[in-house]
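Below: the structure, in structure tokens.
We call the chains A, B, C and D, going by the order they appear; numbering starts again at 1 in every chain.
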Amino acid sequence: MQQQKGHPWRLERWVLPQHTDHAGVMWHGSYLAWLEEARVEALRQAGLAYSELSTRGLELPVVGLQIQYRQALLHGDLVQVESRVQPQQGVKLPWSSRFIKSDGSVAAEAQVELVLVDLSAGPDKRRLLRRAPEDLHNAIQRLIEGP
Amino acid sequence: MQQQKGHPWRLERWVLPQHTDHAGVMWHGSYLAWLEEARVEALRQAGLAYSELSTRGLELPVVGLQIQYRQALLHGDLVQVESRVQPQQGVKLPWSSRFIKSDGSVAAEAQVELVLVDLSAGPDKRRLLRRAPEDLHNAIQRLIEGP
Amino acid sequence: MQQQKGHPWRLERWVLPQHTDHAGVMWHGSYLAWLEEARVEALRQAGLAYSELSTRGLELPVVGLQIQYRQALLHGDLVQVESRVQPQQGVKLPWSSRFIKSDGSVAAEAQVELVLVDLSAGPDKRRLLRRAPEDLHNAIQRLIEGP
Amino acid sequence: MQQQKGHPWRLERWVLPQHTDHAGVMWHGSYLAWLEEARVEALRQAGLAYSELSTRGLELPVVGLQIQYRQALLHGDLVQVESRVQPQQGVKLPWSSRFIKSDGSVAAEAQVELVLVDLSAGPDKRRLLRRAPEDLHNAIQRLIEGP
């Protein structure tokens, strides 16, 4: 989990009560919501609304996920989620992300693998696609290269 | 992710609207809630209420997480979460889990690593513990050995 | 919020870390997940899988919601969600629920209003239905009358 | 639910996959997360970090909640959450909010009632406070009066 290559895309969020648990720290599952938000936001900034893909029956489901939690995030912390799109590996689109505290330290690292599927025949009949349509391909290229 | 050793503990849950997303399948983040529920329930059946540990300032935070999603879970599916506690690895307590559909196929596999910490000095001052207190140690032994 | 008429349907759940917030109590939004689970479970016990309705393009969206939180629910609490279906009011199907602690006291009360819609033309084109199909009508009658 | 008096505070958010359910619309429970985020953000803009209060053992739990859902919010919608603090009613601090779609129509309206409690003696021993400390009082005044 050390791929720091590629251009970083940033999302900034505060740790709110809804993210924390009784121990006063961000619940480990809440990180996934920010990872998704960072991906959708990065795609949007690269010119592609994810909901646009959905309208055409295309989805980018998560097929693999790995997180290492290094330090707790506390209620009220301001966090940068820094995401980098990695080059496609076969049918997999890997994203690597880091959760960075305001003192610059890394609180967590995540690797997420997406695939592209066609769901137009129904949620139980997903068809794996090997080639992205042009708008998605271009958005991913822009994400890899940076602005 | 193929450690099928050890005694399996089971939690059965239905996929509800709250778990799904617009694509009609269980959202990838919802799996973490069931994994936690399965762990807390297994500990309870082994004689230990997790909230009891919390009262004493002890917590079992997740420090590592890996999931491979193999098939989508659909709205209305009945799912077995089958969890196995693995032998302690240094300070880490690994759990390995599978999400099993009613046709017996494996929808997802997960590896979660916990550590034991003492939070009595505050959420930002967690102290890693190398030895579990007796009740937790015994519960984990019972989980490994089975009923 | 005092309609205690009708037959009560019960769901029992433990307050888990995922439900709590930094203040050590159940986060106010987590109650909605249990209310939904209780409704889906009651319908199932009355013979109707909610996902079955969805397959036919029918949904029961929440159009109104009211909760009064009287006492906090704590990490590790065992809670009974007691739900009663109220007689239909125009197009609205009201459910009234109580969250009951193990000492018998009421921690919260909720009123939820559902309507029946047909979504087969798409999520943005929902058509309000005044009459329930026979299986839903029968299930609601059984919920009102009790077993 | 028609209190449109007072100065509006705005939070803008996109409907993401994590907010939606199988019906392709925002799940009714997801609205509560945005309501909380809007409150915390408004307080911050008025000079008070909510987590600061928590550090001193003070919390603002929700004791009453009412939502009317008028139109569905769809995956990819851009939504303005517009919140207004209402004058204190006894010990209750009411906030009234609207979810506004990009065409200007109101998708939902919400009323949330908070109280101020002191939790320093533990989550199960909350003490209701009738008077806000000076920083909270001032922040609420600024929220009512606007910038």
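Please note the rule applied: a contact is a pair of C-beta atoms (placed from the backbone, for glycine too) under 8 Å apart; a residue touches a chain by one contact, two chains touch by 3 or more.
Because the structure is predicted, anything quoted here is derived from the model rather than measured.
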Higher-contact pair (C-beta pairs counted), B-C versus A-C: B-C
Chain at maximum distance from subunit D, centres defined as averaged CA atoms: B
For subunit C versus subunit D, what separation do you get between their C-alpha means, in angstrom? 23
Determine the centre-to-centre distance between subunit B and subunit C, using the mean Cα coordinates as centres, and give it in whole Å. 27
Approximate Å spacing (C-alpha centroids) for the pair subunit A, subunit C: 33
Which positions in subunit C are in touch with at least two other chains? 17-18, 22-25, 29, 32-33, 36, 54, 74-75, 123
Which residues of subunit B touch subunit C once you look at their complex with the stated criterion? 14-18, 22, 32-33, 36-37, 40-41, 44, 49-52, 54, 74-76, 123
Using the touch rule from the top, collect the residues of subunit C that touch subunit A in their complex. 17-18, 20-25, 27, 29, 75
For the subunit B and subunit A complex, residues of the former touching the latter: 22-25, 28-29, 32-33, 36, 54, 59, 61-70, 72, 74-75, 119, 122-124, 126
